[in-house]
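You will see chain A twice below: alongside chain B first, and alongside chain C after that.
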Partner chain A sequence: MAEFLQHCANAMILGGTYALLGIGLTLIFGIMRVVNFTHGELYTFGAYMAFMLAGLFAFNFFVSLVLAALLGVALGALIERVLLRPLRGADIDTTMLVMIGAGIALQASEQLVWGGVAKSVPNPFPTAPLTIGPVSIGPIRLFVLGVAVLLLIAFYGLINRTRLGMAMRATFQDPDTAALMGVNIRVMYTMTFALGSGLAAIAGALLGPIFIVYPTMGDLVALKAFAIVILGGLGNIPGAVIGGFVLAFVEEFGAGYVSSGYRDAMGFLLIIAVLIVRPRGLFAAKERIG
Partner chain B sequence: MLRVDGISVRYGRIPALRRVSLEVGEGELVTLIGANGAGKTTTLRAISGLLPLAEGSITFDGRSIANAPPRTILDLGIAHCPEGRRVFPQLSVRENLEMGAYRRRDRAGVAADMERMFQRFPRLLERLGQAAGTLSGGEQQMLAIARALMSRPRLVLFDEPSLGLAPNLVEQTFAIVSDIRREGTTVLMVEQNAYAALEMCDRAYLLEGGAVMEHGTGRAMLANDHIQRAYLGG
Partner chain C sequence: MTQQLLPWLFLAFMATLPLWMTDLYVLHVLVSTGIFIIGAMSLNLLLGYTGQLSLGHIAFFGIGAYTSALLSLGFDLDLGGAEPFVVGPQPVWIAFTGGVLMAAAFGGLIGKLAFRVRGAYFVIVTISFAQVMRMVALNWVDLTEGPMALTGIPPLSVWLPGEGVIGLYDKLSNYLLVLGVAVVCYVVIRHLVDSRVGRAMVALRENEPLARSVGIDVTRYLVIATVIAAGMAGAAGGLYAHYVRIVDPDVFLFIYTVTMVIMVITGGKGTLAGPIVGGLLFGALPEVLREVARPEVQWIVYGIAMIVIVFFLPQGIVPAAGRLWERLRPRRPAPGGTALRAGKETSA
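Showing the complex of A and B:
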């Protein structure tokens, strides 16, 4: 029983960051329809920025987190402005190839700047785990979960309860008609991509003190983010959150009770199983016709 | 009020409009008739700023709006109710109406206008929280019209408002367009149903192959031999 609860706690914490990655990508891939191969690199970028700010410059950890997220937003805006805006209306193959190239270029740049040796971000919390009944959790992990949950709520509110969020949804349902309503759709495209990128960057920055930071850390994460988005149904924000937690639970329990060597495989097996039964994901957004 | 002067539009290298000129005076109801592919929708989309002009000019109240972004043209008072209704399917009815008022900052005025839309279209009030994509075709058309009116336009461009509607709804839709004009809003309407369009309009333009072939008052156009043969089945 104690072991079971410990796995649950671990899965919740992992699920929070998966959910952040998932909603960032569901915005870009599910709603903007850009097959975004830079998502994992933005995650890596966020982690390196946290390392640079909190580790090298010895900034306050929390300030570093915020700055890393903002830098991620800026990098995302730059990618959209320079690479994607000229390709609006181009076919998906062209966009996909450009994004693969951008992903490779970003990863190579990380390697060039930081070298291949893994870094770690200093942990601002006490390292002694908190013990709650049979479960013990490092304080940093609780902090990560708390921030993730707050961001998920804030983000849901932004998309569903604000004028900006409404304009974003309208833009991706029907760009021409949104333009007729007076929406500056170029700005919406840039902001949406930047926001999704910022979410990936903060996920990387949050996990910096827990895992190590290295240039290819984003590869597996990007694959998992795609899996989460597909699992939750393309463009479905609550679906991506649930998908993130489902993936985390399956990985954690698969690793705990079946074999830890198959941790990463478990999630993908789940996705194959789900897609056989529900090809549009667990919670495909209803009414897709435009 | 609106003056379109010799505009041409191309899709790639294919000309879609060739030196189209037309005028809409304050308070008028003007219609554009013609067959599929004659350039009616293209004309409206060029006026709204969705398509770049290859040549020609468009002025509204004497101000050039050629190649201005759609939001600027909307701000000057031109709303566009697009072909095929084009409601935002996953937005609620209320959100669709709010999108119509997207550029407005006067919250109280927007709320009052929304009330007026509910009086005019009570079905929208019943469906307020529903996703617009789940409405019937007739309800979607009412929503699209209400959404266009939410910007408080002085000129509304209607693109085939009767398309795909049941006969009783077609009549109802034309009645609404006439009402809107009677209340003082100028209307430029594209319509394939030439007979109905010519009956209700002040003046009309006939487009063929991307160019204006005939124009005149509705009555004169109804009596025109060519129009009778080709468009009125006479």
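Showing the complex of A and C:
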């Protein structure tokens, strides 16, 4: 029982960051119809920025997290402006190839700038774990879960309670009609990509202090983000949140009770299984995409 | 006329190349590039002719490599029964054939599963498949040796009159072997795309609902294309395993699929010559860059090259060169000539 609760706690913490990664990716897909292969690189970028600010410049840890997220937003806006805006209306395979190219270039740049040696992000949290009943959790992990949940709530509010969110939802449903109603579609696309990128960057900055930071850290994460998004249905935001937690629980319990070596394979097996049973994801989106 | 002659001229050039190019390093680069070109040609069948962006293609390459290596080394499989299932070392060509068949079988299986979905879903299923394969290769240590890799794989061999069976250890014979396999694959693909199957594939690439409506069994043709493409990728993997003589789980890395995709896109997807042109270019590029730039910079150039090509040469080099050729050649009034030639471009 104690072991079971510990696995649940670990899965919740992992699930929070997975959900952040998932909603960024699914938002970009849902609104822009772009399969974003730079998502994992934005995650890596966020982690390196946190390392640079908190580690090299000795900024306050919390300020560094905020700045890392903002830099992620800026990089995302730049990518959208330079690479995606000229390709609006191109078919999905074309933008996918451009995004793969951009992902390769970004990852190689990170390797060039930071070298292959793994970095760790200093943080002000004590290393001694907190013990709550049978479960023990590192304080920083609890902090990460808290921030992730706050961001998820803030994001939900942004999408459902603000004018910007309304414009985004309108663009999602029908870009042409939204444009006729006075929504600036170009701005909406840039904002969407920047916001999604910012979420990936903050996820990287949050996990950087827990794990280590290295140039290829985003590879597996990007693929997992795809798994999450597929689970929830492409373009389905609540689905991505649930998908994030589902993946985290499957990984945690799969690793705990089946085989730890196949931990990272769980997500992919899950995708294949889900698509065989329900080809449009667990929470089917309104239309078939492709 | 020239267009029919071109493949033969190119083949003659490649076959006689070792006569004057004796640098072993260059031969080695050509062997590795050739193996990748075979992979790219097989990917082109899916990406170029059926229009399905399969990003797990390296899985078939890896399955071919592992199967061929394991069969030639011998292995025992403990499936939980009383007696482990023991396979002794097999002759290399039987192992190689086994690798091709295994890859093709996986192609059939994955094709049946993955083609239930299209577009972005299909892409992600194929990536997932390659990832799962990599995890299996890493973790099934009893069979694959995991990260310790399979080593001491015997080379492929030939029987020569008077000499008996000799192992192909040197670069020159491997070069000729890869060239031979590449020619076989080229001929198979060429016949395939000119056949009923090939026309069905192009029809469903251009307009799937329409193809369906005229009675083309879309899924069946997609699976056929995947089985053949997977078998060829498996052959490339087998060649790789017996040439390099060591196979580790990194053969399943995503970046190798990307390399093949870049080759196909750059050369021109849906053209017979495209993967060869793109493959030679991207096979040579790292060697040229190696002199002047660090590996990271090479990858940056790769990534940017990919973006630039998609932006400025979306059809790839071969169709662009074809159009240039049409513009430069002296115009002769031939009835209906332009339409015919335009049609030919896509299959050239």
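Going forward, the second predicted complex is superposed on the first by the 285 of 290 C-alpha atoms of A that agree within 3 Å, B and C clash if a C-alpha of one lies under 4 Å from a C-alpha of the other, contacts with A are read in each partner's own complex, and residues count from 1 in each chain.
Quick note on the criterion: a residue touches a chain if its C-beta (ideal position, glycine included) is under 8 Å from a C-beta of that chain, and two chains touch if they have at least 3 such contacts.
Since we're looking at a predicted model, the values are computed, not measured.
K.L.:
Overlaying on chain A: chain B and chain C, fit or clash?
P.N.:
Fit - chain B and chain C, as placed by superposing on chain A, sit side by side.
K.L.:
Does chain B (first) or chain C (second) touch A:Met166, or do both, or does neither?
P.N.:
In the superposition, A:Met166 touches chain B alone.
K.L.:
Once the shared chain is lined up, is A:Asp174 touching chain B (first), chain C (second), both, or neither of them?
P.N.:
Only chain B; A:Asp174 stays clear of chain C.
K.L.:
How wide is the angle at the Cα centre of chain A, looking out to the Cα centres of chain B and chain C, in steps of 10 degrees?
P.N.:
90
K.L.:
Is A:Leu269 touching anything from chain B or chain C once the two structures are fitted on A? First, second, both or neither.
P.N.:
Only chain C; A:Leu269 stays clear of chain B.
K.L.:
Which partner does A:Gly182 contact after superposing on A: first (chain B), second (chain C), both, neither?
P.N.:
Once the two structures are laid over each other on A, A:Gly182 reaches chain B alone.
K.L.:
Count the residues of chain A touched by chain B and by chain C, then name the partner with the higher count.
P.N.:
Between chain B and chain C, the winner on chain A residue contacts is C.
K.L.:
Could you tell me how near the closest CA atoms of chain B and chain C get once both structures are overlaid on the shared chain, in Å?
P.N.:
Least C-alpha distance: 18 Å.
K.L.:
Kindly list the residues of chain A that each of chain B and chain C touches, one partner per complex.
P.N.:
Shared contact residues on chain A: 289-290.
K.L.:
Which residues of chain A touch chain C in their complex?
P.N.:
Result: residues 29, 35, 83, 86-87, 92-94, 96-98, 100-109, 111-112, 219, 223, 226-227, 230, 234, 259, 261-262, 264-265, 267-269, 271-272, 275-276, 279-280, 288-290 of chain A touch chain C.
K.L.:
Could you list, by residue number, the parts of chain C that touch chain A in their complex?
P.N.:
Residue positions touching the partner: 53, 113, 116-125, 127-129, 131-132, 135-136, 138-139, 254-255, 258, 261, 265, 294, 296-300, 302-307, 310-311, 314.
K.L.:
Sort out for me which residues of chain B touch chain A in the complex.
P.N.:
48-50, 69-71, 74-75, 79-80, 82, 86, 88-91, 95, 98-100, 102-103, 131, 133-134, 147, 151
K.L.:
Quick check: in the complex, which residue numbers of chain A touch chain B?
P.N.:
That would be residues 163, 166-167, 169-170, 173-174, 176-184, 285-287, 289-290 of chain A.
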